[in-house]
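Each of the two complexes below includes chain A, the first together with chain B, the second together with chain C.
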Partner chain A sequence: MTTTAALLTVIIPAVVSVLGLFTGSRWRPWAREWAVLGSLTCLGAAVLEVYGVLADGPVRQITLLGEVDTGIAVLSLDLRADELSAFVAVAVALVACCVQIYSTAYLGGEGTPDEPLRYPAFAATVSLFTSAMMLVIHAEDLVLLLMGWEIMGISSYLLIGHHSERDSARAAAVKAFLVTRFGDLGVTIAVVMLIVTARTTAIRDLLARAEELPQSTVTAVALLLLMGVAGKSAQFPLHTWLPDAMEGPTPVSALIHAATMVAAGVFLVARLLPLFLAADAALTVAAVIASITMLGAALAALAQDDLKRVLAWSTISQVAYMLAGVSMAQAATDAGPGVFHLLSHAAFKAMLFLIAGCVTHLVGSTLMVHMGGLQRTNLKLSVLFGIGLAALAGVPPLSGFWSKETVLTAAEHSAMHGGGWAAWLVLVSGMLTALVTGIYAARAYGLVCLGDRRPPPADGGHGVHDHLPSAMTGVLYVLAVPTVLLGLLMVHPPELLESAEIALPTAALGTLLPLAGIAWVLHLQVRCHRDVADLLPGAFRAFLRSGYRLDDVQDALVVRPVKALARVVAAGDRDVVDAGPRGTASLAQAGGIALRRAQTGLATGYVTWLVAGALAVGIAGVVLA
Partner chain B sequence: MIHLAGPLLLAAALAGTGIYGLLARRNAIMVLIGAELLMNAANVLLVTASTLPAGGLSALARGASGPSGDPLIPGQVMAVFVVTIAAAEIGLALAVILLLFRRRSTSDLTLVTDLGEASESGSTPPRQRDGEPVTAAAVGGQSLQEER
Partner chain C sequence: MNVLLPAMIGLPLAVALLLLLVRGISDGAAVRIATGTAAVNLVLAVVASVQAAPFDRSGPGLEVDASWIPALGVRAHLGMDGISTPLVLLTALMGLLVTAHALRVRPSAGRLPGLMACFLAVEGGALATFTSLDLVLFYIAFEVVLVPMWFVIALWGDDKQPPRPRPRSTPLPGGQAARTDAAWRFMLFTAVGSAIMLLGLLLVALQTGTTDLVVLADGAGAGMSHETQVLAASLIVLGLAVKAPMFPLHTWLPPAHTIAPTGGSMLLAAVLLKMGTYGLVRIALPVAPEGFETIAPALGILGMAGAVWGGLACLVERDLKRLIAFSSVAHMGFVLVGVASMTPEGLQGALFVNIAHGLITGLLFLVVGSLKDRHHTADLHVLGTGLRDRLPTMGWLLALGCFAGLGLPGLAGFWGELLAIVGTWGGEDALGATARPLAVIGVVSTLIASAYLLRVLWSIWHGPREERWRSDPDITDATAHEVALAAPLVVATVALGLLPWLLLDITGDAVRLLLGVGGVTP
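After this line comes the complex of A and B, so read on.
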């Protein structure tokens, strides 16, 4: 049963996406039914997989494409199903399902001629995205994982650039593609190194033999993989694509941020944890990256004006928590805290993004200046929003509280038991981030839900609606269930999460900090009607809002040199390579023009040449004789 | 036996006159006459050369005298060929010049540059008929038809 279910989670979305992409207009009327039915079946299969794994134990090998002999190593392109893949699969399937249902309403209809909605292509690409993520989490072989990894890259490119008539959407899509591609380069090189040195890319072999491989190889491979992780999971310094990716439709943001794309990086570390444990340097680097990213991104989130960008930066920060959680591992079974946070984050972040889409639907803008008073106009939505933000901030007893505290406890445990300075860094940074998270979550809630209703945007907005379709609100309640109740996993944890523990002192501190932040911000907002971000100095706020001007740094360090190089190459092609053929042509042309002058048509002229030639021959004859 | 200088001087005078006629005259008839003179200079040289001893001028300088071998030596045979070809050539050339004169009412070669590249020499551009450039053959053919 486990075998079939795991295969179905990969194959069903793939089939649905192929049908949607290649059957064209013939099945357009049923595109919606196909997409929703496919994602529901996929969810069913994922749930069955969890049941099967919990009941019968993991299945190590499920034949998918069979063995491929590359001459240097035999790749077994198979799947596996264990607790890690099963739980993540449920999260992915649930979010994908909610996104599919939500987008039937969000992208329903035809749209305007200037901005067509293109629902069938959208739904098919979301299915492809889901399938790719399922392939990544079920892959038993790194090459197969890399395939899914790359398909995810191209799907994210397509989805972020879905509104391809907008320049900004195209630019964001290209940026996301290029930045994550740069990280993928590391994964590709790591896979090649593993094939060459270990002669295998099967994950079970790698995990079993991680200790036997040469230390330098393992460290290099782990660092290269970490590069790919930073790219996909949007960690410093490859995180710049994620805030721009907000150009995609809101359901795409929910999908990318909650379950598929950014989770893949953390998943990869969790999956290959023994390999990373054998390379201490890589785990330390991961911990440092995570510490920098979580605090930096949380501060950037505090200064944003756009609701979606707040959520985007908070995703970067929360994914850093997950990475910190897995990087604090001291044994192969210690992936629990990171994965737990991945699961709970999937639930509440998907909900938050879908709510942001609802608010945008009502207000016609994603800027928080145009929002406000949601508590009066739509109480249910504002309560759901509050629950999501509270989970994000880690308010007990919501899911985010449990998972975040397990991460902090893991950091504390590591710091106390020889984890070194990296563990302390994670712990301190994590505590501070918890405080900042509370502040920006409360700020978002205050700006969107409290206060009075603000005037709509001057240009009339982006399509203001009076009420929300039930397809958009219904899925919010579905996502609210795990957001609130996922902490119950701690009561009787499965094997995967057994390492996730909560130490009381750490948890108390990690809870009081965000609560204090929330209380302070709400107090400011309600009593003094002040936005907490206004307390920041203007220049510093702009600096934070622009994401530490890293885009400018990236522009100066990478984009401009590359463009200059491209110009040099183009000039070389034009002026050096092409000069040969073009020179020959113009030489012949110039010769033609010169010789053309000789053709006067005057018979006497020709005879003159004839006589001169004869004379020359005669003189030559005399001289040479 | 006459001295070698006489025929050679004659040949030189003929050739010089002929080249002058070829290059300097504008009248087609005079150019033709120049060509004929040039050809006759060659004839004189051929016949003269046939009287030389085997080995040519250098053998003569070494003291050899008189022609050797067959009297029907190549020089005289070649001269006969040249006369024959000249007869044929002059008939053809005169026919061309006659047609040119009928067509253009001139025998001035500087005015007939239709086959050259249209250039700053001031020649008339080739006439177009049915989109095809008018060639000398077409011109001759047409004028022949007109005669009939």
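After this line comes the complex of A and C, so read on.
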């Protein structure tokens, strides 16, 4: 049963997407039913997989695409099903399912010729994305994982660029793909090194033999993989694509840039944890990257004016928590805290983004200056939003509280037991981030839900609606269930999460800090009617809002030099490389013209040449003899 | 004697001759005859491939070995093994596609019987190249292809290309001058290349006393001193590198691709370029292995230089057909470095890129040719944005071609590049200290490929609808005919991407035999 269920989670969305993309107009009207039904079936398969894995144990090898004989190694493109893949699969399938249902309303209809909604292509791409993510989490071979990884990348390119008639959307799509693909260069080189050195990319072999491989190889491979992780999981310094990716429709942000794709990087570290444990340097680097990213992104989130951008930066910050969680591991079974946070974040962040979509639907803008007073106009939505933000800030007893505390506890445990300065860095940064998270979550709640309703944007924005379709609100309640209750997993933890523990002193501090932040901000907002971000100096706020101006750095260091080089090459191809052939051609032509002069047609001329030639031969003969 | 291979080669050549000699064949009849011939030939090629299997034995299948020029000891020796079979199938498929393309789409200039005769002659000559097991026969078949291709460019090429003056660079010619330039360039480059290759082949024949490739491969350079091997390998590689094309000998390709009609571009990309790389694997490497090993680092360096150079040139190129031509230079760089690594996986990768590039670039030229037929331009800036909304089917085909071209895993382009890089990384025996840097450059060049192909999609696929074509009635989405032509290429691209063993199992043992590292996998 486990085998079939795991295969179905990959194959069903793939089939749905192929049929959705390539069927003709006759089946277009069925695109919605088709997409929703496919995602529901996929969710069913994922749940069955969890059931099967818990009952019968993991299945290590499920044949999918056969064996590839490369000449140096035989790669088996197989799947596996274990607790890690099964639990993450449920999270992915659940979010995908909610997103599909939500999108039927959010993107329903045909649009206009100049702003088409392109719903069938959208639904099919979401299915393709789901399939690719399932491939990543079920892959038993690193090359197969890379396949899912990149197909996911191209799906996200398509989805971010969904409203491609907008310049900002098509630019964001290209940026997202190129930045993540830059990180993937590392993964590709790592795969190449493993094929040549270890002669295998089967994950079970790599995990079993991580200790036997040469230390330099393992370290290099782990660091290179980390490059891909930073790209996909939007960690510093490759995080620049994610805030821009908010140009995609809101359900896409919920699916990709919150719940699933960004989690893939952390998933990869969790999956290959023994390999990373064999390379200390890589885990230390991961911890440093995570520490920098979590605090930096949280501060950037504080300074944003756009609700989706607040959530985007908070995603970067929260994914850094996950990465910090797995980087604190000291044994192969220690992936628990990071994975736990991955699961709870998937629930509450998907919910937050979908609520942001609802708010946008009502207000016609994603800018928070156009929002406000949601508590009065739509109490239910504002309560849900509050629950989501509280889970994000880690308020007990919501899911985010438990998972965040397990990460902080893991850091504390590591710091106390020889984890060194990296563990302390994670712990301090994690505590500070918890405080800042409380502040920006409360700020977002205050700006969106409290105060008075504000006037809609002058240009009408994306269109103001009076009520929310039930397809959009229904799924919020579905996601609210795990957002509130996921902590119950701690009661009877599955093997995967057994390493997730909570130590009381750390938890107390990690809870008081965000609560203090929340209280302070709400006090400021309610009593003094002040936005906490206004307390930041103007220039500093602009610096934070722009994401530390790293886009400019990227532009100056990479984009502009490459473009200049390309122009030089294009000119050089004509002026230098082609000069040789053109010169030869001219020379031959000139030679031809010169020789034609000799063909005078006069007998005397020819005789002269003949005599001269005979003389030359004669002299040459005498000299050489 | 098995007649399958001679029939497969002879049929298109005979029909081509017929189309040229018989007067008064109408355009429609000529295309139908040619398409029928190509279809029969595809069936023959499939049957031949099935009969040539299994590929794990030493020596070719379906061998034909008849005396031909006894005075020179030259024999008509044909056969198919795991290295030639995929290329034979690709050639036969492309032959059918380019002739069937003319059923509905007429080139802008010239009459069709001649064009069809040229296409069939190219097909026949290429099939002969891919199956010949004799140096002289190989050379003749190689040459047979050049002349009809020259006619295709010179007579049926686009003569309305606008000239491109450039402020700080040599301008590109336009109109009739561009066509003449492209045709002559093609002829001169490839003829000079062939002449150099001939010198190398003659050197081998004189030193070893045989022109039989099976004997020569078995001897693995026996009978030639090290210096002779180096000289022979250099001459043969240089000659074939012009055709591949290898940087910096590639400047004939962009004009040829730009000017050639759609079918001509498809044949150029999918068949002619492959003859060069096939020659490297079939002749240069096995006949003079020591010599080849000596020049391997140079070949690898130039291959990767081409990958980077071609990719960078694509980043600023405006003409879509020229851009795809430069991307061919980049992709062929992977083939060159894969062969130069002299490892089984590198060679496997090279042969895989060969096929994948043929399918993907064939698809891209088909789509871009269709766009050019409708808009009368392939200039990215003139074509304008919003293809996705204007012509959805065409747009998605273009997007798929671009995704495959950037080496997306799951599509055919990925495996060949990965294996070529694996081979390069581990190819220190042949490449020496350059092995790992070249592998890293190869990986980086895939990022450049992503950048330029996404730039193409950014410029014409995404974006708001271009206003200038809004009311043009000629501009319609892909016809059923065009979709039918693209379908086999799309299916093959996806199939090879997901199930790479379809191809690797055919080439695997042949490659191991060629490198002398044993036949069947242990």
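Keep this in mind: the second predicted complex is superposed on the first by the 575 of 625 C-alpha atoms of A that agree within 3 Å, B and C clash if a C-alpha of one lies under 4 Å from a C-alpha of the other, contacts with A are read in each partner's own complex, and residues count from 1 in each chain.
Note that in this section a residue touches a chain if its C-beta (ideal position, glycine included) is under 8 Å from a C-beta of that chain, and two chains touch if they have at least 3 such contacts.
This structure is a prediction, so every number in the text was calculated from the model and none was measured.
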Inquiry  = For A:Pro29 in the superposed arrangement: first (chain B), second (chain C), both or neither?
reply    = neither
Request  = In the overlay, answer first, second, both or neither for which of chain B and chain C A:Pro537 touches.
outcome  = neither
Request  = Could you look at A:Lys563 and tell me whether it touches chain B, chain C, both or neither (first, second, both, neither)?
outcome  = second
Ask   = Touching A:Glu165, do we find chain B (first), chain C (second), both, or neither?
value = second
Query = If you stack the two complexes on chain A, which partner ends up touching A:Pro116: first (chain B), second (chain C), both, or neither?
reply = second
Inquiry  = Between chain B and chain C, which one contacts more residues of chain A in the superposed model?
reply    = C
Inquiry  = So in the superposed three-chain picture, is A:Asp573 touching just chain B, just chain C, both, or none of them (first/second/both/neither)?
reply    = second
Inquiry  = Which partner chains sit in contact with A:Thr188 here, chain B, chain C, both or neither? Use first/second/both/neither.
reply    = second
Request  = Could you please specify the touching residues of chain C with respect to chain A in the complex?
outcome  = 166, 168-170, 172, 184-185, 188-189, 247-248, 250-252, 309, 312-313, 315-317, 343-345, 347-348, 386, 388-389, 396, 403, 408-410, 414-415, 418-419, 421-423, 425-426, 439-440, 443-444, 446-447, 450-451, 454-455, 458, 461-465, 498-501, 504-505, 508, 511-512, 521
Note = chain B contacts chain A in the complex at 19, 22-23, 26, 31, 109-110, 112-117, 119, 121, 123
Ask   = Across the complex, what residues on chain A touch chain C?
value = 21, 65-72, 74, 113-114, 116, 143, 146-147, 149-151, 154, 157, 161, 164-165, 167, 169-171, 173-174, 177-178, 181-182, 185, 188-189, 191-193, 195-196, 562-563, 565-567, 569-571, 573-575, 577-581, 585
Query = Can you list the residues on chain A that touch chain B in the complex?
reply = 596-597, 599-604, 607-608, 611
